[in-house]
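In order of appearance the chains are A, B and C, and numbering begins at 1 in each one.
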Amino acid sequence: MRVVVAQASQRGVWDWDFALEILPDIVRGLWQTVQATLLGITIGMILGLVLALLRRSGVRLISWPTAAVIEFIRGTPLLVQLFFIFFVLPSFGITIGAFASLVIGLGIHYAAYTSESYRAGIENVVRGQWEASVALNLPPATTWTRIILPQAIPTVIPALGNYLVAMFKDAPLGAGISAGGVLLVANSIRSQTLRGVEPYTVMGILFLVVSVPAALFVRYLERKYGYERT
Amino acid sequence: MATREPEITPAADVMVRMNQINLSFGENHVLRDLDLNVAPGEKVVIIGPSGSGKTTILRVIMTLNRPNSGTVEIDGRHLYHEKNNGQLVDAGEKHIRAVRTDVSMVFQHFNLFPHMTSIENTMLAPIKVLGLSKEEARERGANLLEMVGLGDKYNQYPGELSGGQKQRVAIARSLAMRPKVMLFDEVTSALDPELVGEVLAVLTDLAKEGTMTMMLVTHEMGFASEAADRVLMFDAGNVLEEGTPEKILRDPEHKRTQRFLKAVLSH
Amino acid sequence: MLSGNQLQALLEGTWITVQVFVFAAILGTVLSLIFGVMGLSESRLLRAISRTYVEVARGASAIVLLIWAAFALPILLGIPQVIGPLLAGIIALGINMGGYGAEVVRGGILSVPRGQTEASIALNLNAGDRLRHVILPQAVVLMVPPYGNLNIEVMKGTSLVALIALADLTFEAQNLRVQAGGGVFEDPPSTAAIFGTALVIYFILSQLIALFYRWVEGRVGGRWHGART
């Protein structure tokens, strides 16, 4: 990142030239935030499905602790979870870089949410499908992978879309552990130039430019595919 | 918007006058140039195939669907219009509410207020609209619930009542407003067959009492022949034929009516 | 584990967390009602204003709103001495909550069946009585569970104020970690104990909120809701 040195205090409240000057850096930061989100949602989707299946397990020794972990993750702030991953795990010999900590933190946090969506999706597959699988004497693995999940997962897609957008809105929190992203870039511009108005306003506008259309698109998908299935 | 409809001097023997009513939902022309007069105290039963627009007549009189053109008068007062310098103009909410006090409606799906007990359902509008005191409203509601045979259900919530009981509460709720005109929109269609009788009994009593104007959309031909003064066969947005119950139900002129009656009665 | 002083510091931070949450939730609730009802207005303009607010308040995200409210807004308005971190936190989290809450309010009112409005018209109730006595009592019951969840999200969101140096629970936890690493303590508490305790306190808070709204749900619903068909 280029260092912008200026006699900040001598300029007005808002400086267009300065705003334009920092724009490319902030766009680059935003791209990092998007990357963290895409990696995070991948973990969130896979881990969420695993949690959902563990929670449905017939063995209480598995299903109850899983339920407790999901409840705990949902009941505590992402930021503190990120601190935990980044600052605490090293004392157990697990050291993870800041950006990887952010991605893992986002993934775990949202897995707790997606697991509930998967669970609802699985429960919405009609009982007759289970009974038919029994009647055909299908092995459990086949029942899950060929009958139940192919019907459950499409109903979960709109919810996953919503979590993707929500995760993007949480991803700037990585700045709290100095993980790369739009907020970290804006913070460092402010600390180097002593001007916060331009970087944070540019960040806010760019953020809206990405998140509002994304949210509208997800809602469009929801309307298009969500209602047909119910 | 001013309309050029000529103002008709209200005759004393007309309670509901619909004049050249047109109403479309998109492409669907539901009411076409409909003229319909109902006399004070008259009981009119409207029959016809589903989608013929018969329910919409009631909904227009209740101001639930505003017609695209035409006028409606209730007891000599315009419902959707008021006079301004001798011209009829679209009426404001205040005028509509003033005229609407004379009308009430009972619905196919009851539409009781689920968060209020039977007696509270009957009390709300008399207190809020007619300005009755709580005590007066309670007494009026209790008498009406007694009348519809629910004297022991004052404090039940709608969710705790059977369909037939719900519909009788809904009738009492509308009667509590003492309307001049009562509209009944397929009020037995959503009921289990064994519960239809108790609601029809209440309706028959009301009809025999005589003073109130009633308009009913129903498929209950037995009720129509017993209680109606006039039966209207409705099709494709207008009245196909009308007459006494004996005439329409026994000896209809139109093939369309014959076919409809045959389908309803064999069913 | 943690010493008494350290636990004391976390509890003081918790008190700040609770304050930010309560005031943000109050602001958020007021905004939810205003913009939720506005979103159902017959006026196109009012609906557009409500829509824009909802999209921006949600789309900007709590963190971006917070940073902007703390470091850009006061300077743009020329009142940096008026908007401190506490006020910035309350404003940002309240506005963000209002965006989600307006949808809860709007959705709740829309979920009341259309027949209820029609029956109110058939009984000639005016618009105010219709909303107050017929629609809202039913809508509120539908709103309470999502509104309770929203409150939990807002409470968790208060942890973000640590990033604008407001001494809430998260900030105090961070502070203890830095002190521990800086040799301030003879027997430094492990970072696991610090953040573990903070997480547990947050979890207790979110369970208390959940419990409260379950109680509210029972209260507003009453007998009719259980019996509803």
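The rule is short, and it goes like this: a residue touches a chain if its C-beta (ideal position, glycine included) is under 8 Å from a C-beta of that chain, and two chains touch if they have at least 3 such contacts.
None of these values were measured; they are calculated from a predicted model.
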Inset, instruction - Averaging each chain's C-alpha atoms to get its centre, pick out the one most distant from subunit C. - result: B
Legend entry - Chain closest to the middle [Cα centroid of all protein chains]: C
Legend entry - Distance from the mean Cα position of subunit C to that of subunit A, given in whole angstrom: 20
Inset, instruction - Find the geometric centre of each of subunit B and subunit C from their Cα atoms only, then give the gap between the two centres in Å, rounded to an integer. - result: 47
Legend entry - Centroid spacing, where centroids are CA-atom means, of subunit A and subunit B in whole angstrom: 55
Legend entry - subunit C, residues touching no fewer than two other chains: none
Inset, instruction - Please set out, as single numbers or ranges, the residues of subunit A touching at least two other chains. - result: none
Legend entry - Residue numbers on subunit C that touch subunit B, as the complex places them: 113, 115-116, 118-119, 121-127, 129, 133-134, 137-138, 141, 222-229
Inset, instruction - Could you please specify the touching residues of subunit C with respect to subunit A in the complex? - result: 55-56, 58-65, 67-68, 71-72, 75-76, 78, 152, 156-160, 162-163, 170, 173-174, 177, 190-192, 195-196, 198-199, 202-203, 206-207, 210
Inset, instruction - Name, in rising order, each residue of subunit B that touches subunit C in their complex. - result: 62-64, 93, 97, 100-101, 103-107, 109-116, 124-125, 128-129, 157-160, 170, 173-174, 177, 183
Inset, instruction - Flag every residue of subunit A that touches subunit C in the complex, lowest number first. - result: 13-14, 72, 74-81, 83-84, 87-88, 91-92, 168-170, 172-173, 175-176, 183, 186, 190, 196-197, 200-201, 203-204, 207-208, 211-212, 215-216
